[in-house]
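Shared between the two complexes below is chain A, which has chain B as its partner in the first and chain C in the second.
Right, the complex of A and B next:
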């Protein structure tokens, strides 16, 4: 049996943190979620619809939020220090509050790759180059002055992912499917538009992803070009002139676009958090009592993040039981 | 265009450029193409800015043309470079500045390769000793000569007799800046402004009153490309590159082009004649071409040098429209007179591009 005094602090109130909080609560464990932003939900709260089937992100988030009813949540707070005294963690917040806990779960997730680092794409220099997150915001709000009835739209995959030049050699896992989802949405929003995606290879590994790929081409007329965009420039009228290589045709390609969307991947300022074993101890760190879940470990899709949070909770429960 | 975005990149890609005391090495071909540019550079740095720029008469080619044309292996090119560095050390200098962009690329590539592979540096050190009995001492600092003019652009502006503005109206001249491919495309951190949005020439244009044009084919090579031009069968590539650039910059109505490479001004200048002869098309105003100048020539004009002393009469595209805009006086009768009034001969007028 678990002691009533058991307490877990979750650092980060995104999808992984919310899911873990609800599962810890179900197990009768006192849980506090510390979130640095004013609202919960992390990147999920910024997204409009989810691949592969276009489910509303808000519906998923609302479900995660309803599951944490009764869990203590502290928004607008950051953890400044974690000290261990014997088996108890003393977690100090930015307002000098100190919380005592038996375990800490890090679900601080990822940062979206800063598109301006890929200077050849001209983000922050050419007005009509935007990011996947900004396009998602457009879908949510219907407003972005840069998106003015575009007739020709391009998507660039793998921006900041699988790219040794920026130091990110890994795949961010979500960009391929997101690009095709967003490409379909742009065709819905602007039926007169032509949409091109520029990819290295499409990694449509999950349930329904391959169907999305086929649907994008067959039903939405999205044109998938295997090749990376090498440079972006601005024409006199503000449109974008891109150069790429179509590696299937073996030819260079130049195209003028009204909008270019960069599929920025995941990264963390100090790198992803290492766990003890990538197979059988995926959520356990070398620091006893400190666990990690979700995209703080590595890029994950949303279903993987939620499953990973569940797995972390099992490890925490086992850890607390074993201490008795 | 969001200029703040470029300014942020420019701020990130600034490099330290020492103030003074440089060992200067020339280009193999610039003295033939643009005979006054290197002389003017030395005159400006030594006599206008009061700096110490030393030339050793025993310096040679860097080997870049032969290296990039696959005529010599990299070890040979590196040994030539090692000898240049040894001459610098023997002359008592540690700051090395070269006139040629290809040389700058070769020097940068060599230093970076030695940093990555010290065993190769040791091998070259031995080659140098065996062949020349000289000791390799690497420069403390490597610059391209355009870095120096960039560094002193504001001092030059303060002493300027003419600015990059239309004298009659005060309109800033629209200037295309063309950077040699070997300046920063291989090693972005070695160039002012980086590889994608270089600032080395843009900074000069801004400081001297002009307006920088960014056009879609700005990054495109001028077309020189060693294998494109030296292999006669490939010259169509060279010409088509230049043609592509002019078609792209045409809507912006540039007043002139500034360059920092030996090959670029030559090809951007000469191919305009070929395009005009083949297609009848010219890109300047009133049947003229767009003048193409080296940064030393532009600095010389700003300083008030006589255009014919700058060698501008050896350009294919007539520079008079630019001189007229800037309000620079010149004597047309002296255009083809050399030193002491020696007649140089007048070139035949092309059919489709105005020459005067």
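Right, the complex of A and C next:
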């Protein structure tokens, strides 16, 4: 049995942190969630609808939040230091509070790639180049002065992913499905518009993703072009002239667009966190008692993140039991 | 004036100038052309393709890039054997699409 002295500190109150907190609670383990922002939910709180079938992000978040009812949450706090004394962690916060814990779970997630780093796309320079995250908040709030009844819209896949030059060699996993989801939503919002997506590979691997691809083509008339946008220039009227190769036809293309959406990938300032074994110890770090879950490890979709948080909780429960 | 050289036309496809009228007309009779995923199965298995350049995959792309004449020339070499229909993973009635390409583009006498 676990004695009630056990305490776990979760660093980060996004999807992974919230899910882990609810599961630890159900296992009778005293848990505290430390969140640096003033509200919980992380990136999930920023999204409007989720791929593949458009479920409201808010509904998923509300469920995660209602599941942690009773768990101690400290928002607006950051951890400044973690000290180990024998088997106990002393976790110091920015207001000098110290929390003692038996285990720490890192669920600090990802940052969105900074689009201005890919200068050839002109983000921050040209007004009508926006990011996937900004488009998502447009769907949520219904307003963005840059989105003014666009007739031709382009999506660029793999911005800041699969790109040795920016130092991110991996695939961010979520942006292909996001691009097609958002492309359909734009066709819905602007039925007169033509929507093009520019991809290198369409990685529609998850349940329902390939169906989303078919739906985008069949029901929404989204046009997928295999080829990466190589450069963007602004025309006199503020519209955007893009170049890409239609690699399936072997011909370079030029096209004028009213809006270009960059599918920025995931990254972490200090890199993703290494775990002991990518197959059988996916949530265990080299530091005994410190666990990790979710997109702090690698890019993951939301269902993967939630499953990964569950797996981490199992590791933590076993760890605490074994120590008795 | 003769500068001793000439400028060849840009090899870029200028999408702004491409008329989608004919493609959209074709799409009305053959809505399935929108769901081609460019897998190339049709081309690989094409009976006529063994001896001439015939590729339904490329035809569908050409039509979307304003290269109707090239697509039509290619369609005229099709033997309408229907082998490509057997292999298309999206279940497109490719043989029917090929007939419609010739019809919609106004050259049904070629069939």
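Heads up, the rule we're going with is that the second predicted complex is superposed on the first by the 324 of 324 C-alpha atoms of A that agree within 3 Å, B and C clash if a C-alpha of one lies under 4 Å from a C-alpha of the other, contacts with A are read in each partner's own complex, and residues count from 1 in each chain.
Basically, a contact is a pair of C-beta atoms (placed from the backbone, for glycine too) under 8 Å apart; a residue touches a chain by one contact, two chains touch by 3 or more.
Computed from a prediction, not measured in an experiment: that's the story for all the values here.
Contacts of A:221 after superposition: chain C is touched, whereas chain B is not reached. By the touch criterion stated above, A:234 is placed in contact with chain B alone, chain C being left untouched. In the overlay built on the shared chain, the residue A:251 is in contact with chain C alone; chain B does not reach it. Applying the stated contact rule after C-alpha superposition, one finds that A:288 touches neither chain B nor chain C.
Listed in rising order, the residues of chain C touching chain A in the complex are 11-16, 31, 34-35, 37-38, 57-58, 61-62, 64-65, 90. Looking at the complex, you find that chain A touches chain C at residues 213-214, 217-218, 221, 223, 226, 243, 246, 248-249, 251-256.
Residues 1-2, 4-6, 8-9, 194-197, 214-219, 251-252 of chain B are the ones that touch chain A when the two sit in their complex.
Chain A contributes residues 116, 119-120, 122-127, 231, 233-236, 241 to its touches with chain B in the complex.
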